[in-house]
Every structure is written in C-alpha cells, then in structure tokens.
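Two complexes, one shared chain (chain A), two partners (chain B, chain C).
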Partner chain A sequence: MSALLSPIKKRRKPRIGRYVRIISGVFACLVFLFPVFWMVLTSFKMPRDIFTTPPTFIFAPTLETYTSYFFHADVPRRMFNTVIVAFGAGLVSIFAGAMAGYALARIKLRGAATIGVLILLSRGVPPIALAVPMFLVARNLGLLDQHITLILAYCTFLIPYVMWLMRGFFKALPAELEEAALLDGCTRMGAFFRIIVPISMPGLISTLIFSVILAWEELLFALVLTNRNASTIPVAIAGIAGDTVNGANWGALTAVGTLTVIPVVIFALIVQKWLIQGLADGATKG
Partner chain B sequence: MGTVEIRNVRKSYGSHAVMHGVSVTIPDGEFVALVGPSGCGKSTLLRMIAGLEDITDGEIAIEGRVVNDVAPKDRDIAMVFQNYALYPHMSVRENMGFALKLRGMPKAQIEERVQVAAQILNLQSLLERKPRALSGGQRQRVAMGRAIVRDPTVFLFDEPLSNLDAKLRVQVRSELKQLHQRLGTTTVYVTHDQIEAMTLADRIVVMNSGQVEQIGPPLDLYDRPANLFVAAFIGSPPMNFIEGQANADGTGLHLANGTSLPLPTGAKAPSGRAVTLGIRPEHLDVAQTGWPATVLVIEPTGSETQINAQLGDIPLRILIRGRTDIRPGDTIHLDAPAKHVHLFDTHTGRRIESQFPGD
Partner chain C sequence: MSPATILLLVVLAYPIFYTLRISFAELNLGTFEADTWVGWDNYLAVVENDRFWNSLKVTGTYLILALPLQMVLGFGIAFLINANWKGRGVVRALFIIPMVVAPVVAGGVWRMLLDPLWGLVNYLLGFFGLEPLDWLGNPSLAMMTLVIIDTWRWTPFVTLIATAALLSLPRDVFEAAQIDGANWWRIFWSITLPLLLPIIAATFIVRWLGAVKMFDIALAATNGGPGQATNVINLFIYEEAFRSLKFAESAAMAMIILVLTMVLTGIFLVGSRKLEERQ
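== the complex of A and B ==
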C-alpha cells in the first residue's frame, strides 16, 4: 500500500514547493518594487496630495513637479553629464577589468591569487578616505569639474569589481577553447578578443549594467570633484533633499528620482537580449 | 616530413616531477598511440608537443626543428580535444575555416578546403549550424574537420572518442583509421582505451607514472610484453598472473600457499628464481588433464564465453570460443601451449626471455 501511495506523495511535494517559491518571489518583488512604485506615484501628485493621511492612491495626476523642476534642477545638463560619466566609467572598467580578470583567471602568474585578493581588498578602503586626496590631486592638476576626472575616480572602485566578477566567469569557461584558438593561429590576446569576449557577452553585459548603475548613482565623488559643468544627477537630488532653507521638496525629489531611473531601465531593456544564458552551449561535449 | 622527435623530455610542477625522461621518435606518416592509466603523463606529453605545456627539460623537434620555445600557432599542428572545444559563437563552416582565415587565406580557397573536408567527414548539410545544434558525434566530426582543413604536419588527438557512446565510438574509430590511411599525416593519439590503441595505431607507446614502459607495434606488445605492467595493461580481458618460485629443474612453481604447480608442458623457468607466470585468458585451454580449477562464474557473450575460475586461491579468467556446457561449481582442467606462457621476474617486473621453445 505504501508503495502505491509513495509516487503520489512525491508528486505533491514539488507542487507545494513551487507555490512557496512563487509566493516568496512575489513577496520579494513587492518589497523591492514598492518604494519605486511609491516614488513614481508621488512624482505625479500635487504637494497637497503627498502628505495626506491615510496615503491616497487615487488623485488627479499632474506633471507640474516635472515641468517646474526639469530646468530648475538643471536636469538636462546633469543627465547628459551622468550619461557620459557612467557609460565612460562603465566601458573603461569593463575593458580594463575584463582583461585583468582574464589574466588572473588563466595566465600562470606567480602570486596571481595574492594580486587578486589585494585588488579586492582595495574595495575595503572607505571612499571618503580617498575623496579628499582625490580632490587635492584633481585641483592641483586643474582637473576639477571635468568628466574625465569623475570617470577615472569611478574606475578606482569599478575595475576591481569588474575584474573579480569576470575572473570567476572566465574561470568557468573551458580552457580548451583558448587552447584550440592558440593552435589555430591566435596569439593570447587574439584568443581573448576573438573567442573569449564573444562567448562571454552575457557576463560582460551584465557586469557592464551593474557598473553603469554603480557609477550612475554615485554621489560622494561627484559631490567632491564636480561643481557645475560636470555635476551629475545624484548631486541634483542631494541638493533638493538637503535644501535647508525650504526643506526637502518631496515632489521634486521623486520627479527627478523617476527621471534618473528611466535611462537605466531603458538601457537594461536594450541590452537584455545579450543576457541570454547558455551562449557557450555546444562548445564542448554534449 | 612530419617527423616528431621527443628527446629525454621531463616535466615538473615545482618540485613534483611528473615525467621522467621520455624519448620517442615518430617517423613521418606514422600513427602512434600513447596509452596508459589516468595520470601516467600521456596527455601532458601530447600537450607538450602542442606547445600548451612547458617542457622542463629535454627537447621536442617537429620536422627536425626544435620547438621547445615555438608558440603553438607556429608549430603547424592541429589538435582534436577530448571535449571538442568548438567555438560556440561560430557556425560549423566558420569553425572549420577559422585557422585558414587567421592565416589570411583568400575566401574562395578557404571555402574550397572546407567543402573538401566537409565531404570527407559527411558534414555538408551541417555547415550553417552552430555547435549547440549538433549531436555529440557530429561535434566530434566538426572537431576533426577543423583539424584536417589545415593540412597540418602533425595531428594530435586527446582522447577524442571518450565522450561518445559505445556504438558511435566503434564507428568513428573506423572513420579515423580510414582518414589516416587517406591523408597519411603523422598522428599522435592519446587514449586510455587499449582497444582503441590496438586497432588504430601503427605503434603504441605504453606509459606509466611519467615513464615509457614499452614502444612497439600493437601485436608485438600483445605477444611479447616487456614487463608486468604492459602485460597487465594490454589485452582484454587482462592476462592471468601466478606468482611463485621456480623449482630446481624449472618445470614447476612453489606457490606462496605452500603448494606446487607444474608449468605447462614444455615451459621452463630459471631455477630458484621468483617469477610471475602470465597467461592470457584466450590461451588457457579446458583440457582432460592440467591444473584443476573450480568454476565460479560463466559469462557468455555469444561468440565467446568467459569463465571465471579459482585455482587454489588464485583467480583465473579463461576465454573460450563459442559456448560451453560447463557450469558454476564444476571442476575443470586447464592447460596452455608453452609458446603462450609469459614469464616475468617478480622483483623487477621485467620479462624473462627465451625460456620456451616457441617463444
């Protein structure tokens, strides 16, 4: 009898597990997305609707905060600056970090593991400890308030991040692929760019997205190293939030916040086709 | 001339030596198989020929040119990997033409060579496919195609059939042999499967613990193994071994359990020496007289039957043609022609030569 019942039991178990997984997933999404939802919702409210008790979900939507703060907070120029700086830093970091990660993953270097750990440890230095020396160096070199300064500053924390992530990714690739390329006539560099980079696209793109987001939302270096010309969106948001004269303008804060998120979401949607997993399928035994 | 000379090659990882002075000369056009158990150094040796592994000491020369410090791409060799290593983002056509493209060969010529190779390997209908859309056997053929379009001086194969199922392995093995007969390119083939080595190679190099145990044509290794390791490694099912001490006139052995065992008629061991007697399962005959053994298991395969028996406390395997009425528990008598009896020095493991009239 128990032998007859056991298959039914087995079938039921995964079903319950599946429901638990779905419910947990939905719950996690709600927790993470609710602040974003609330931000977008608030950005369309009139100031009087923002602080009603209880909070209202139904109101007459308005674009007033957008129209009044779009130019007031210098959004167009700061958005442009943020795009230049975030993508510049992201691309430079991917280029340098991926090559460094490849070297640490594959090339037999004495002390490679130590080098890797040391570079990772550099991430442990508090950014504020670097910000002041960076400001002094940039001022002495006449590089304050320039895109390139922020790009280089962001590379200090993005390159170790990219290097470490890509090192793991490259290690998981079969070494025979590069060896086949070396025998086919590639140099080590040729094998990297012709074989490894194309098949690592999902890893490279996802790392690029994270790097761009990290640079996009960075505030400290942007605050210290820029003034007006190269100032980024987070600086604008900090300005609104920290308005000590008029108090924080929540409408403006959420409107500029929403505008900040939109380009990143569009970027992620554009590149997501590169994120498909399993690009390396079929390389080796099946 | 695709001659490969391996001269006293050594390999160490730090202080850990894994290869202890290997020397092999492979003449142009020969098919040589490197066989041995896992960790014997056969793949390392192949990778050293390819340039994928540094040589700690010694020399490797291809076509008379020492290649120790020559980059893999400049050695004019092609390698087929165990897991095929096809470029996943390229079609079959691009995979096969990649090396030629890197050489700057005109497109028309690349296409011509790819077509010829595709025809040889029956890949014409698959040229536009990506590796992920191919079966294991097809991927294996593409890997071979990628090697042959280059028309290299030397082919290197690193256990290329080990990921295929048994049936496909036999088929591709035959295709490989035909391919070598057709192209005549010097080939070094690594395998742990001695049947593969026996059926494919002109000569076999048996390796063990980073050393060469014996080099020779497959049947020489089978008929005259140089030592106990080769005797045990070559042949399936493996050779039977009986250890003992030869008696005064060399016609029998004193066994460890205190009993005596007469040698097959005509066989003679050096008197008083500790020897190991080796007889292949197919050379043991079920006879009217001879060693009495108790049958434990009968394993029929249709064309042959393997009998596992016990001679005192010594396990023996006997392989007979066709079928048998013998049953487990029966007592049978075993004999062997003196010319098929192998004798080894138990201490050194080396073959003791010319003890038998027919040897």
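== the complex of A and C ==
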C-alpha cells in the first residue's frame, strides 16, 4: 500500500532503517514477554532447579508444584469464585453501562457534557475510599465474604468504564440507524435492543472481555471484602508473594500465577483483533 | 440509563458519603458504628502524621517517574513495531500478554526475577560486568524497582493505543514535508508531535486514572518497604484501616486523596480539552 502511494518516500528511505525497526521491535517484544515465559518455566521446576546459580534453563519438567499446591492453597474454590465474580460483575456492568452509555450518546440532555466529565472523574475515585465504608456496611449487614458483595464492589469501577467506552462507540454510529425504527413506532428501548445492540456486538464483546479481565485480577476489594468462602485467586497470590515467614515459595507463586494468567492470555489472544480495536477506540473516541 | 444510575448511587455515591461521615466521627470498634462526632480531629491527626506525608511523597515520586517513562516507551515501541512486515500483527498481538497479567502476579514474579541471590536479572547483569544489585532491599533502588515493574505491566497498554494512533496519521502531510526537504527531526517536532498531542493527552489521562490506584504491584513486590520507601498512599491507607484498625483516620486520608485526585484529574481534563480545541 505505502509503496504504491509513495514511491518518493521509498527511494529516499534506506532499507536498513526498516530492518533496524523490525529487529528492535521484535527484541522489545521478547523482553516484555520474558517474565511471563520465566514464570511458566519456573512453575514446571523442582525446588532444586529453582534455587540455583546460575539459573537453570534446562531441567526435567515436573508437575510436582501443581499437584502439591493445587489443593494446598485452596485453588479450586478460589478459581471458581474468581470466575463467578468476574463474569457476574462483567455482565452486570455491560448491561447497565451500555444502556447508560447509549442514553448519554443519543438523548439530548441539558447536562450531558457534565455527566460525561463526572463519569471520567468517577474513574479516578481511589478504591480505598470505597473499600473502608463497604467493609463497614457489609460487616453490619452480614454481607462479608459473599460473591454478590464483590460483584457490586466491582461495579464501582466497571460501570463507569463501560459507560465511557460504549458512549464513544455509540456516538460514532450514524443516528439514522434508529431514526427509521423510531418513526415506525419502535420505542427507544426497542430500537436499542433490536438495532443498536446487534451491530455493536464487536464493541460490546471487547468491552465485556476487558471488564471481566479487570474484575479477574482485582485485589484490593477482594482482600477487604472476602476471607474464605468468596476469596479469589489474586488474594492467594498476594498471600504467597508476601509470605515472609516461610520464605520465598517460588514454585507455588509461579504455578498459581500461571493458572491465573494463562486462561486470560488465551482468552485475550483469541479476541485480540477486537481488543486492540477497543483500546484504540477507547482513547480516540469519546 | 436508570439501572446504571441506581447501581452507581448505591455502590459509589453512598460509600463516598459514608466515608465522609466516618472521617468526622469516632468509630466504635465494638459496634463498628460511627457514633461520636469529633469535627476535624481526624483530619488534624492525619496532617500531623509524618508517615502520611511520606506516603504522599512516595506516590508523587512514583507518578512522576512512571507516567512519562511509560508514555515515551509506549509510543517509541509503537513506532518500532509499526514497521511494515509480515509478522507485524503477531508482534502486536503478543504485546497484549503483559497487559493481562494480573498486577499482583506481575509483582510476585518480578520479586522473583529481582531476587538478590537467586534472581535472573542480577545474573544477566553479571554478563555486562555489573555487580549484583539489591533491587528490593535498597531503599533508593526499591522505588526504581516499583517503577520498572509498573512500566513492564503498563507500557504495552500505551503501545497498543499508540500503534493505532500512529497508523491513523495522514500520510500525505508527511510526504509533502519530505518533498519540501524537511529532515527527520523537523518532521517529528512540527508535524508528528502536534498531530499526536490530543491522543497523547487522552492516553495520559487514562493511564493517570489507573496509576493513582497503584496498590497490587507495591503490595506483592515490596509491601511498601524497605522501611517506608515504596509505601504508596493506597497501600498505606489500607494498612492503617485494616491492620491498625484506624478506620476514622483512614477515612479522613481517603477523603483527602479523593479530593486531590479529583482536582488533578480535572486539571488534566481541562488541559486535554484545550489541546483538542487548539487543533
């Protein structure tokens, strides 16, 4: 494409520059991937292969750490909790946030611009300012350590996030799309669900995935609001990483870390086109 | 509109109001109710607390070091990986990976990589004839360590936004400038940068909104230490509230941080609007 459009540019620019860019770009990518690679590698090592100088690259892989820590750190239950809470919070937020985003994008309200700024500001509310009262209220209502509490807590940052992204997304759609339907007697709500939602699927899905990932990896609310029944995987990792009594348990850390990260990585890579598009839109539209 | 409004009122507005109330009260640790009104006492105690000021300073240092670094690296790497070749899509997709590693995992794994004794980073530095560094134990290095981990986690996010932004730049303007004989630096300074400025500002704000919440990485990697060297404000308030059970003082601190964050975010928003209008 660029060669067709700009023969001049091509002749002037030495080819070397392009190769330098490609090679250093690939190098940067490898540097950024290395810690993840090392984590996965370490999770398959025996302790005697972990604590060595120089570090071991070649070793007999073992599932030892996985089998011994899987039940030890209450991993299955935590994994189950994390899935419930992440998808629960993601779905509630996309439902409420997308509708509100649509309203902000289309309905002419006097204070629409102000509301827009308020949403963005609400994304800056420090979670600790919410965690303290939520803990106290949940404690007095007997709602500590329950999935629903964590789901509601995650709505505090997910709904504004979804509203912001989807408002930009809906604004970019031509208004004529629903106008015909509205003239035919369709309600706003009907037009939204029958016309806007189907054509916005890519945007909705990428936003949903982002929301699920954000909830999946959240730590502060999970630490404060749960302790056993509804506790999530990040809490377990914080516990292992911060365990100064038993010393560095790198096997457990990397094994549980790998279990946490790999599903999300696979998930994200499958939908990477939409994710990248969503990121780009999130910054440019709105 | 209404489900979101109701939810946000319940889970966002009400807790903020509740925090405000506790911050002017004494919390009875027997009933966990805020029963006695104490006026500005909690705020006075906070202002006189050296560790609170230290924590603000630590957070400020982190923000001032990390945000510009991530912006420059993010756009720089975006320029590199935008070079047109077969593997471009793959490289870009792979950059998603650090971005979806849970921050708490990132903190833990980097703690392992930077371990003074068994860590891989010090081993690699040895190849360049460098002495092993105490990344996590040396108070002045620990802040750098925090910044490095955070930069690893967040630069890909900036990179992915920047790749899209760079690709959307109008080609003809650059060609015209090249025909006019403008050099590389001049093109960058008078065309690329001004065209990118609005998106740089927008990316900065999104990144800022995330960075002020810094908690997970600090907790997992350094736990605020050594001493108070990396005790960012969210971690500090968390410990004051849930370890020392000083809920009322923590609420006062949280209110101060809330107002500070809102004011700064507001200033950045106005700044970015101005940049957009100038175009």
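The rule is short, and it goes like this: the second predicted complex is superposed on the first by the 233 of 286 C-alpha atoms of A that agree within 3 Å, B and C clash if a C-alpha of one lies under 4 Å from a C-alpha of the other, contacts with A are read in each partner's own complex, and residues count from 1 in each chain.
We adopt the following convention: a residue touches a chain if its C-beta (ideal position, glycine included) is under 8 Å from a C-beta of that chain, and two chains touch if they have at least 3 such contacts.
On a predicted model such as this, the values are computed, not experimentally measured, just so you know.
J.: Under the stated touch criterion, which partner chain does A:Ile195 make contact with: chain B (first), chain C (second), both, or neither?
T.: First partner only, chain B.
J.: Could you say whether A:Trp216 touches chain B, chain C, both of them, or neither, answering first, second, both or neither?
T.: A:Trp216: touches chain C, not chain B.
J.: According to the contact criterion defined above, which of chain B and chain C contacts more residues of chain A?
T.: If we count touched residues of chain A for both partners, the winner is C.
J.: Please indicate which partner A:Ile270 is in contact with in the superposed arrangement: first for chain B, second for chain C, both, or neither.
T.: The answer is neither, since A:Ile270 touches no partner chain.
J.: Could you say whether A:Ala180 touches chain B, chain C, both of them, or neither, answering first, second, both or neither?
T.: In the superposed model, A:Ala180 contacts chain B only, not chain C.
J.: Is A:Phe51 touching the first partner chain B, the second partner chain C, both, or neither of them?
T.: The answer is second: A:Phe51 touches chain C but not chain B.
J.: Which holds for A:Gly97: it touches chain B only (first), chain C only (second), both, or neither?
T.: Touch status of A:Gly97: second partner only.
J.: Looking at A:Ala60 after the superposition, I want to know if it touches chain B, chain C, both of them or none. Which is it: first, second, both, neither?
T.: In the superposition, A:Ala60 touches no partner, neither chain B nor chain C.
J.: From the superposed pair, tell me which chain A residues show up as contacts to chain B and also as contacts to chain C.
T.: 279-280, 282-284, 286
J.: Would you tell me which residues of chain B are touching chain A in their complex?
T.: Residue list for chain B touching chain A: 50-52, 71-73, 75, 77-79, 81-89, 98-99, 102-103, 130-136, 139, 146, 150, 163.
J.: In the complex, go through chain C and note every residue touching chain A.
T.: 1, 3-5, 7-8, 10-12, 14-16, 18-19, 22, 27, 32-33, 77, 79-85, 87, 91-113, 115, 117-118, 120, 123, 152, 155-157, 160-161, 163-165, 168, 171, 174-175, 178-179, 199, 202-203, 205-206, 208-209, 212-213, 215-216, 219-221, 223, 233-234, 237-238, 241-242, 247, 250-251, 254-255, 257-258, 261-262, 265-266, 269
J.: Show which residues of chain A lie in contact with chain B when the two form their complex.
T.: Residue list for chain A touching chain B: 174, 176-177, 179-187, 190, 195, 198-199, 278-286.
J.: Write out the stretch or stretches of chain A touching chain C in their complex.
T.: 2, 5-6, 8-9, 12, 18, 21-22, 24-26, 28-29, 32-33, 35-36, 38-39, 42, 50-55, 92, 95-97, 99-100, 103-104, 107, 117, 120-137, 139-140, 152-153, 155-156, 159-160, 163, 213, 216-217, 219-220, 223-224, 233-234, 237-238, 240-242, 248, 250, 253-254, 257, 260-261, 264-265, 267-269, 272, 275-277, 279-280, 282-284, 286
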